[in-house]
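In the two complexes below, chain A is the common chain; its partner is chain B in one and chain C in the other.
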Partner chain A sequence: MAAGENIVTFLAQQMIAAAVPLVMAGIGELVAELAGVINIGIEGLMLTGCIAAYTAASCGYGSIGLCAGILGAMALAAMFATVAVSGRADQIVCGAAINILAVGASGTAWAVFQNWRQKHDMSVSLPHGAGFHKWPLPFLSRTPFFGPALFDQYTLCYVTILLGILVWWLLRYARLGLIIRSLGDFPEACQAAGIRVRAWRWGAVLFAGGCAGAAGAYLSIMRTHSFAADMTGGQGFVVLALVIFGRWNLFGLTAGCLLFGFINALQQVLQTARYTAHNRLLESLQHIPFQWFQMLPYAAALLALAVMAKNRPGPRALGRAWPPETPGE
Partner chain B sequence: MMEIRNISKRFGIFRALHNVSMRVQAGEINAVVGENGAGKTTLMNILFGLLPPDAGTILFNGAPVRITSPAVARRMGIGMVHQHFKLAPALSAMENIILLAGRGLISGGRRLVAARAAEWQNRLGWRLPLDEPVSRLAIGQRQRVEIIQALCAGGKLLILDEPTASLAPMEVEDLFAALRSLAASGTAVLFISHKLAQVTEICRRITILRRGDAVYTGELAGLTHAMLAEKMIGGNVPQAISRPPPPVGGEARLALADVTVKREASIVLHHVSLQVHSGQIVGIAGVEGNGQSALVECIADPTLPAAGKMTLSTTRDSAPQRTGRRQLLAIIPEDRRTDGLVPGLSVTANMLLKRHHQPPFARWGFLRFSTWRSFTLRRMQEFDIRCPDLDTPVGALSGGNQQKLVLARELSDSPEFILAVNPTRGLDITATAFVMNQLVRARNAGAAVLLIHADLDELLAVSDRVAVMYEGQLSDTDWPHTSRESIGRLMLGVRA
Partner chain C sequence: MKIRQSLLSVGATVMACAAAFGAVLLVLWACGYPPLGILHRWLIGAVGNSYYISNSLAETCPLLLTGLAAGIAFRSGVLNIGAQGQFLIGAMVSVGLATRWQVTPAVMPTIVIAVVGGAVGGGLWAVLAGALERWRGVPVVLSTILLNFVAFYLVEIILSGPLQAHGTSAPQSAEIQGRYWLPVLIKFSSLHIGVLLAFCLAALLYVVNRQTVFGFQTLVTGLNPRAAQLAGIPVARQQMTVIFVSGGLAGLGGAFQVLGVTHFLIANFGSYGYAGIAVALLGRLNPLGIAFSALFFGMLDTGALRVEESSLGLPHNIADVVKGTVLLVMLLLLAFINRRRISPTAKVDAAATEGR
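Let's turn to the complex of A and B:
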């Protein structure tokens, strides 16, 4: 925290920075779920995005890293779609398998990558210029309070905002949105309209994969410029919960992501402040292990889910394979 | 325009269609009739690309075609109104229409489609709330949305699978007028029905299916209803059983006094008063969506909030308080698959649903499956329910057999009050006659029957008294001293 900076602005900026990957992955997951496919492997997709983006960015170009993150996660999503959409397998089981696969594969890939770099006397860390830096928007970033919070961010933040507006508009006003919503509500309606249910669900799953990959890339080559095993730390699962929390609505989802991001920023501030601030109350927090602080946003997400998600069923055909086992009577 | 030659289709050893040939010409209204299980729906599914035929060819404008999916059918210009609705409940009616009739991914021709929908509504004289989500529409309204949807999609061939099941007589006339003008403008119409009166009114050529065979294809002229029905059934048409005049001074079993029900700030039942006496069938006519479902819920579940008074009386006082109400009431619900049966459970379990915990079906808290089975077997014989065996899941039975099972369960301990809602929906001639005869038999035995039915003709055939429901209000008629037409007008809110 730079001296003299307004604590509120700092919190807002950190909140948004933490919320960006959640919103990005959430948009994809939301579209997939509205189309009737629940992919609990989103954590694994994000992790794949992290490692793919990081290793590819080592060539020196961040944009290649970003593309690799997106494509890597999409490849894994394609695996999921092959089994769960084309193969009509249980979506939850497939999603769990994707998670397990991604944890193992990314760990192995990371070890191989490190070995290979060391063998050739190359640094494991990203070469200069390969990681993204913040891109403050001219003028806008200088407006008081909102400026630094909203417009002094990584490029992906702005992309996320634009993508969110686009997806919201499409879902609400375009025939494409009608197709997606009816896929998850009553696929029979799509079939009768001559819309190929499985092909469209494939598309939705790939889109979700791309979004999760971009979110993963954000974590490894934008926000941190580093990779660590399991670095998503359950954020993919938080996204799943927030989609439910937001009642399958983009605004609800965003609100949930911001809440999560806010508590995350708050716990960071508290962790630092208890050693630096001269305040009896804050100093008394010094005895609490830091893990308790890290836990806060997750606990808050869980609590919010328990309070908000009552009696609200999701899309009617969510998780149901197409075509149904026995063609209707 | 479209011709099918020697189409056959088998499901395992079941022969659904066997060498069926027929022709549909542009500008003509053709009918396909047949009992349930005769192969009508299979044939339509083949024409719409939902099922591949095992053998045979389809010619479209003289050239052989393979309709491999509904998308292909739509591109060829084939539209279909399905018997089981294909509307997404979470979308509004208009959105469903755009989904089907629109093109492209962005606007989908929204304006154009909306204008066409409005035009068809005008032509048919309908005023559907197209911006409501389909889940809030009554079944009759959904049916009309499906018709508008298919009409908006336009095309060269329009297939209508039982489109009139829940329309008022005058609305059927409007629909027929629209179909005639559609045919006059060059569209071929294929009309599937088991209502012979409607078929003879509107169609020129007819194909009769019986157990997968086309037993007759040709001109309708010169064929009487009786001849058609005989060809359809392949035997004698079941006769309605006799109905002696109702006993005078039967006790009132159900009495509603000034009942008003509000739902989401709108009044769905408006000061309804009604009495049903024993030995009497009271019919409630009306287009669906005029408060019938609220009336049913209000009778079936007295805990729902309602103003006014409802009493259900009985001569039996032995019924234990706790289970009493459900025992007194025999309910034949509108949607047997969600409210009447548990599709995943066996025939036996469904037959015992109301009584499984009572002696002799259970003792000391243990279920006695041997008595279940013998009871179920007896009932199945009595009601002519056909199924492979007692453990078959009910969802695998045909609609007619499912409905017979509901009847067998509900009518088995001679109930004093019967509430039947659209009890013949989706049933064929034989099954319909059977269901109606069972209701009359129960009435002759002294039961009070409240029959809420969208099919006016069937309703009038069995009712001792008829009232009409329109926008939540109930108006009595002095049937049988009033005409069918005046009741039809009341159904549309037109006072004589």
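Let's turn to the complex of A and C:
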């Protein structure tokens, strides 16, 4: 945050920085939901990503941390899939269980890790080089206005953009996307076409786990270089809400994430006297309780659903176990 | 047959609890913590003396009510996962009625009004989700997730506006005056009368579920809404009643918690609503089972506090690890046992096919 930076640039940059983990986790959750699996444990998966990435990065390498974050969340996602996909248990309940487990496990693991760190006289912060730093893209980052906002970010931001484009293309034009969407809309057809519904759903859940893990790693070893109990602070639930907000569409999802990021950035601006001192608009905004803005994305999502939902909100088989019943064997 | 089945499910639950506890202690042992020491402290902290027991029971109360809220809704096929929001709204209405929006200075009426107001507040908040489903086709699962957040920020706004305590800038309510607290059953303990009422409600719901037309009709609706409709059960009206009662129970939990335990309100008021889903499942959606599982969760929570106080260096979150593991293990066990009659609907469908 260089001095003399103008407020629009700051807003745009913070907005995108805050939106990245949401989009990343959102892509995963979107794919899983399109495949018919709703995982409300995504908050727990992100939290697992945070702690796993942080502990592993303490060995000195950020890339190991990132991998650990992804793998840790995938391991938890595998537990979810074992129970909810293979075991056919209720997905909502499984997701709730995953959340509780992850909140507890990350808190406990954090305490255990700190004890261990004390015993071995390690420093209480990440070793130098273990956290990621921003990676401004050459040339692009110096473009006026767009440059700093879009191209002076952490590596994962660019990965997220590329992944988003890839997933959008796959969902729209590839056979893979067709399979995924039919898993959630009409699994009977998949069955008839010889596509193994449960195996594919497993894949979708694992993918969602990996995405959530990367998003968690972004929070702990990129944006903050620290860990705190419950540091995701409900962002996983936000992702759930935003997938609904975006009506199971990648563009809608991204728009929702940016809106959310913007509100986050706005909050930072309103708390910074440097920006608010001479700006009439910002001063007047300060008088409104900020919670109204924070409520906005959720209220907007509800309203959007209420206005448009009449025609089929979301994948038809969302939340339904497969196979739907056991034939009398 | 019936007895065998219920024995089986009780056995599965107990086994899941034991297995989960064992697994967690095993992992801790592998990390170099003394498992028996932890277990000992946990037990003492949960049921060691009358003080701890009354704490455990007080902790059980909100869990039981949110558990009943989730249980009654899930049983009739209403996926209300918004107990968190309904709990908060209930607590807010209740603290308001006991502090700034007081109707009368008399003690007993104020308490009753605050309790009833909290329940009605929670119920109406849930009905909002029910109405959205009925008239706008928004699934309850989705709307209740969103309404949880709306409730959270709404409560924060009200706590930093009309209900804010004097002399603070934080979003928190004033403390409720001592005479408007819920009466306690035993002097100087946290065992308020709400605990007793919550258990009575569980018993009442058990009877309603088993012995009344309403209980039967909602069960049928949950098993197969189309069959229920064809049989002439007013499904839509029934679902609305269920979601009102469900939200009301959660709101009541919030009211009891704020009037009986914390005596003031902040928006970060614990995650009892989310825990309620777990409680309901562990109790197999049966009110009596829910009472036992809430008791188990409450003891886990208070016992873990004692583990945290000891010099082992473990946080109280360890209770959550056990809870989550218990649930997952039990879900797996159930999947295993019910291999043949996996969903309740499967049975109805199979019967229908046979009949044809």
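The working rule: the second predicted complex is superposed on the first by the 285 of 329 C-alpha atoms of A that agree within 3 Å, B and C clash if a C-alpha of one lies under 4 Å from a C-alpha of the other, contacts with A are read in each partner's own complex, and residues count from 1 in each chain.
In the analysis below, contacts are C-beta pairs under 8 Å (C-beta built on N, C-alpha and C of every residue); 3 or more make two chains touch, one makes a residue touch a chain.
These numbers were taken from a predicted model, which means no experiment stands behind them.
Colleague: On the superposed three-chain arrangement, identify whether chain B or chain C touches more chain A residues.
Modeller: Counted on chain A, the partner with more touching residues turns out to be C.
Colleague: On the A-aligned overlay, A:G87 touches which partner chain: chain B = first, chain C = second, or both, or neither?
Modeller: Second partner only, chain C.
Colleague: Which of the two partners, first being chain B and second being chain C, lies in contact with A:I244: first, second, both, or neither?
Modeller: Only chain C is touched by A:I244; chain B is not.
Colleague: So, A:V112: does it touch chain B (first), chain C (second), both, or neither?
Modeller: second
Colleague: Using the superposition on chain A described above, determine whether A:N39 touches chain B (first), chain C (second), both, or neither.
Modeller: It touches nothing on chain B or chain C.
Colleague: In the superposed arrangement, does A:T232 touch chain B (first), chain C (second), both or neither?
Modeller: neither
Colleague: With both complexes superposed on chain A, which partner does A:A97 reach: first (chain B), second (chain C), both or neither?
Modeller: The answer is second: A:A97 touches chain C but not chain B.
Colleague: Going by the contact rule set out at the top, does A:R316 touch chain B (first), chain C (second), both, or neither?
Modeller: first
Colleague: Residues on chain A in contact with chain B in one complex and with chain C in the other?
Modeller: Dual-contact residues (chain A): 326, 328-329.
Colleague: Can you name the residues of chain A that touch chain B in the complex?
Modeller: Spelled out, the residues of chain A in touch with chain B are 174-176, 178-179, 181-182, 185-186, 188-196, 315-316, 326-329.
Colleague: Which residues of chain B touch chain A in their complex?
Modeller: 50, 69-75, 80, 82, 84, 86-91, 95-96, 98-100, 102, 104-108, 110, 337, 395-396, 398-399
Colleague: Touching residues of chain A toward chain C in the complex: what are they?
Modeller: Listed in rising order, the residues of chain A that touch chain C are 38, 40, 79, 82-84, 86-90, 92-94, 96-108, 110-112, 114-115, 229, 234, 237-238, 240-241, 244, 289, 291-292, 294-295, 298-299, 301-302, 305-307, 309-310, 313-314, 319, 321, 324-326, 328-329.
Colleague: Note which residues of chain C are touching chain A in the complex, please.
Modeller: Residue list for chain C touching chain A: 31, 79, 81, 132, 136-139, 141-143, 145-150, 153-154, 156-157, 160-161, 171, 274-275, 277-278, 281, 313-315, 317-325, 327-328, 331-332, 334-336, 339-343, 345-346, 349-350, 353.
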